[in-house]
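Mind looking over this structure? Questions follow.
Chain lettering (A, B and C) follows the sequence in which the chains are written, and residue indices restart at 1 in each chain.
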Amino acid sequence: MILQLLFAGVITGSVYALVAIGYTLIYGVLKFINFAHGEICAVGAFLAYSFNKQLGVPFAPAVLLSIILTSLLGIGADKIAYRPLRRSHRLILLISAIGISVILRNAIALVYGSYVRSLRGYALPRVYSFAGVNFTSIQIAIIASSVVFMFLLHLFLSRTRQGRAIRATSEDPEIASIFGVKTEGAISLTFGIASGLAAFGGIFIALEHDLDPNMGVMLGFKAFTASVIGGIGNVPGAMLGGYLLGLIENLSAGYISSRYKDAITLCILIGMLIARPHGLLRRREG
Amino acid sequence: MERVILRIENLSESFGGVKALDDVSLEIEEGKITSLIGPNGAGKTTLFNIITGFLKPSSGRVIFQGRRIDGLSPHKIAKLGISRTFQENRLFLNMTVLENVLTAMEYKYSETLLHTILRTRRLREEERERRKRAVEILELVRLLEKRNELAKNLSYGQQKLLMIAMALSREPKLLLHVDEPVAGVHPDAIKEIMKVLRRIREEGRSIFLIEHNIEVVREISDKVVVLNGGRKIAEGDPSEVLNDKNVLTGYLGSWNLSHLLRDKPDMRRNPLSETILRVEDLKVKYDGLTAVEGVDLDVRKGETVALIGPNGAGKSTTLKAIFGLVKPDGGRIYFDGREITGYPPHEVVRAGIGYVPQGRRIFQRMTVEENLEIGGYLLSRGKLEEAKSRVFERFPILKERKDLPAGRLSGGEQQMLAVARALMLDPKLILFDEPSLGLAPKAVDVVYDIIGMLREDGKSIVIVEQNISRALSISDRVYVYKIGGIELCGSAEEVRERLSESGTIVG
Amino acid sequence: MSYILHILIMSGIYSILSIGLNITAGYTGVLSLAHASFFGIGAYTSSILMKDFGMPFLIALVSGGCLASVSSVAVGLPTLRLREDYFLIATLGFCEIIHSLFLNLESVTNGPRGIMGIPYPSIAGYKIDTGAEYLLLTLVVLSAAVFCSYRISKTQFGRVLKAIREDETLALSLGKNPVRYKTYSLMIGAFLAGLGGSLYAHFMNFIDPSSFTLNESIFIFCMIVLGGLGSITGSILGALVLVSLPELLRFVGLPDPVAATLRQVIYGVLLVVFMIFRPQGLLGGVRLRWRG
């Protein structure tokens, strides 16, 4: 049983990691927790649903379209609701972020109503078995693609010019702009990437569970917890935190109770914030 | 026998490899005014922050009235009887002057919920007393008539007095006050503050004062402590300390510089005659206050020009205005034949000026090579590689360390990286803002060797420097600043003579 | 009971909630999304005490407030020392958890079916069961809330709260302990929310978990944003406007669930628009200092 739980933990962990990276990236450039990030995941999932189930677009292109649109939405949200507040008091920015999350969540509910919707196929997936663990090809695909995305992100951030621009903007926007880095462009790009990853996270969740307009709330909360575990602002930390949280959550659901899963996450968050608010990985400070 | 109210024992503080304070010990005597002086980056503010609980020391102890207080939180220390002001004017801007003082005070009943809601007699008495005392204090600082004015509407000097009033209203046993030099503040305001400080001393309180104006230090201090590079270099009577050779040569500049310079190789040359940078009648304001005014300076091609003078005089501001980090409120700037007044930094960089900021400001979490790549952000792929090889050739040490995160380099190496980064676009003119700040003397040697190298390459250089001997050793011409503008200028030789004649102390 | 009376009573109850949140978020700058949870805890406590244990109304009322206040310490104690955004998300989590507790602790709360037949309040034997009487009761509690808020605002206690909101570093250097005051303001806000919850429960005679969700917290939040952070009259005005608004929408003829969701979207837009264009609210509450 433990192996099955660990496997489940890795799947959930992959999702949390993808979304947590988004929180951390945005925090890096803007030094604020984007409250609306969880809702972006939901948007991604629902858009994929619309393309695939309502418009009949094949799965892979539907996902791609969803990612693109969601990324654009993320960039748009920043331009409309956060950019005018770049120099405002932090509380004002937070309130605006709350507003965006409310708009997104309820817009989804408005458009899609309360019917139960699902992104899953009609046929039951084939279940394979190995070393006592049951798994489907979809689950393997989720884990594999998550790893691939994280790797690609790592390459992007460390090898490309724009990636460096984002990192420089996170560290010292004033000096970065001296050398010609367009900080607003870097911020928009960050939102685009974070939102794209969030869309993946949402879609992956939707492959295993039904779609729900409120899915973003707890997902966002948990992914946030994951990024805190790894140290907010630290991308590898977000990945680590995501997997750790996924594992802990599934193990406790299996051995303690699945009903109080969420409460356990909250306790972990509070515990982390009290004991080690800077996360498990110490960030290298110069 | 003087009573010691605050004792600092072997205090050290490090921030990620930089030693801000190094084994500092000193004593503040009760009922006296002790001044703390020293150049920028000497650790004065760090010391204040540790005493008041905003920072935890890496090692050492702070003992207040016999009780150890290092590591306590700021509000607990405030409650023990230590008050402070801040370098920047910190006030509750949206409250009135009177409200600011009332809020600052210490209360027993008025800060508890029960008494507040029930409006008990004790609360009302306490409020009455406090209000009376607040009025007294406002009268002392001459702000009584402004008591219903919002704090944000006060002038800079008035805000400073209000800050002192707030700190005083807590009836502190020890007041830590930071006096910042600002251009455009009326000399009467300075007298006003001195008067207030004296009154506070008369009340039996102790004052620990960070001061930049040597005249003020001379006039009101009972004792002077000098900090430089995180170390205490002198402590004692003002007349002794201010004439102490170590203090003067290290920080205050002096008429004894020549014996230092004789040991340094002659690095001065004759410049070419073309002007590469001209600044005309520059004026810059911050928050309505004039930081600099009437600044005229010239840099000829291949020349090294130094800007020296006291803290807050406007040297860095001048540099920032040239580079586009602040917008000038008047005047013009010409570079290499074009006007660049008001150009944003990335345009200035494109035009051919490089900038090495104060405190280096390299990207600590990015590697050495990546830092350079940001320096060359505007270059195309091919040109970027060229620039990198060029720079690595110049600085082989950086090439060795190119994959290390910049934060792991030593102080001198980081400064080298900052310079290398500025050189990526092959600028004709390079601006250095306090290159020796916060560096150990050996590291400073390294930096100045680099500057020497750049001179040999024919670059034009402007350098803002607190350390007079260094500045004079490397420059062709020097501009000496006073608060708010330029006092005199001339060749390094001339300036040295003028300084020793007039006995002007620059710091 | 007349329609207008109903709206007035609800406005009054929500005013109590918004005044409470105004003390927490408006005066002290502590942004919290847990307010609906305190509302709910007050409602459930009061209902259960009166219905199942036969306690007199006044005790149920005050107990509702007290239990809400105590629970606010549970979320505040570990998290108030942290930065605002962390605290905000922690309160979000708290809100969701309390909501799921309401849904899952069936033995206590009767789960999703809710509690029915909550008795009307009675004071000293006199039963309050008409609209006018309930309005009076609500106004009495509201006046007490306004009074407390006013007293706080005009005294040193209130000044310290505002000082902490404006410049925590400066407040620290002046001997004020921010965590202590933030906790107090959270507790006061929660207490008032609990009182409001009790009044709500005994007015509607029925409560269920769906009234105490994150959406509800945001609803209350919008009231103080609309009215102006830090303004007492603003909080009341905000409550009045936002309680009446759905009634107006009803006249437009949209089906209820759509109207409810549309309302939420409007609240979201309201928050964003006000933050960008008029952060001080309609009545010009506090002007938060710009940074940088």
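To be clear about the criterion, contacts are C-beta pairs under 8 Å (C-beta built on N, C-alpha and C of every residue); 3 or more make two chains touch, one makes a residue touch a chain.
Keep in mind the model is a prediction, meaning the values are calculated, not measured.
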A-C compared against B-C, more contacting pairs: A-C
Centroid-based (C-alpha) most distant chain relative to subunit B: C
Distance between chain centroids, defined by C-alpha means - subunit A, subunit B (Å): 43
Rounded Å distance, subunit A centre to subunit C centre (Cα mean): 31
Distance between the centres, which are taken as Cα means, of subunit C and subunit B, whole angstrom: 47
Residues of subunit C touching at least two other chains: 289
Contact footprint of subunit B on subunit C as seen in their complex: 148, 151-152, 155-160, 162-163, 166-167, 169-178, 184, 188, 286-287, 289
Residues of subunit B touching subunit C in the complex: 52-54, 73-75, 78-79, 83-84, 86, 90-95, 99, 102-107, 110-113, 116-117, 119, 123, 127, 130, 166, 170
Parts of subunit B lying in touch with subunit A, wherever the complex brings them together: 16-17, 323, 325, 345-346, 349-350, 355, 357, 361-366, 370, 373-378, 405-408, 421
Residues of subunit C defined as touching subunit A within the complex: 29, 31, 33, 78-79, 82, 84-86, 88-90, 92-94, 96-97, 100, 104, 214-215, 218, 221, 225, 257-258, 261-262, 264-265, 267-273, 275-276, 279, 288-292
Interface residues, subunit A side, partner subunit B - complex: 161, 164-165, 167-168, 171-172, 174-181, 283-286
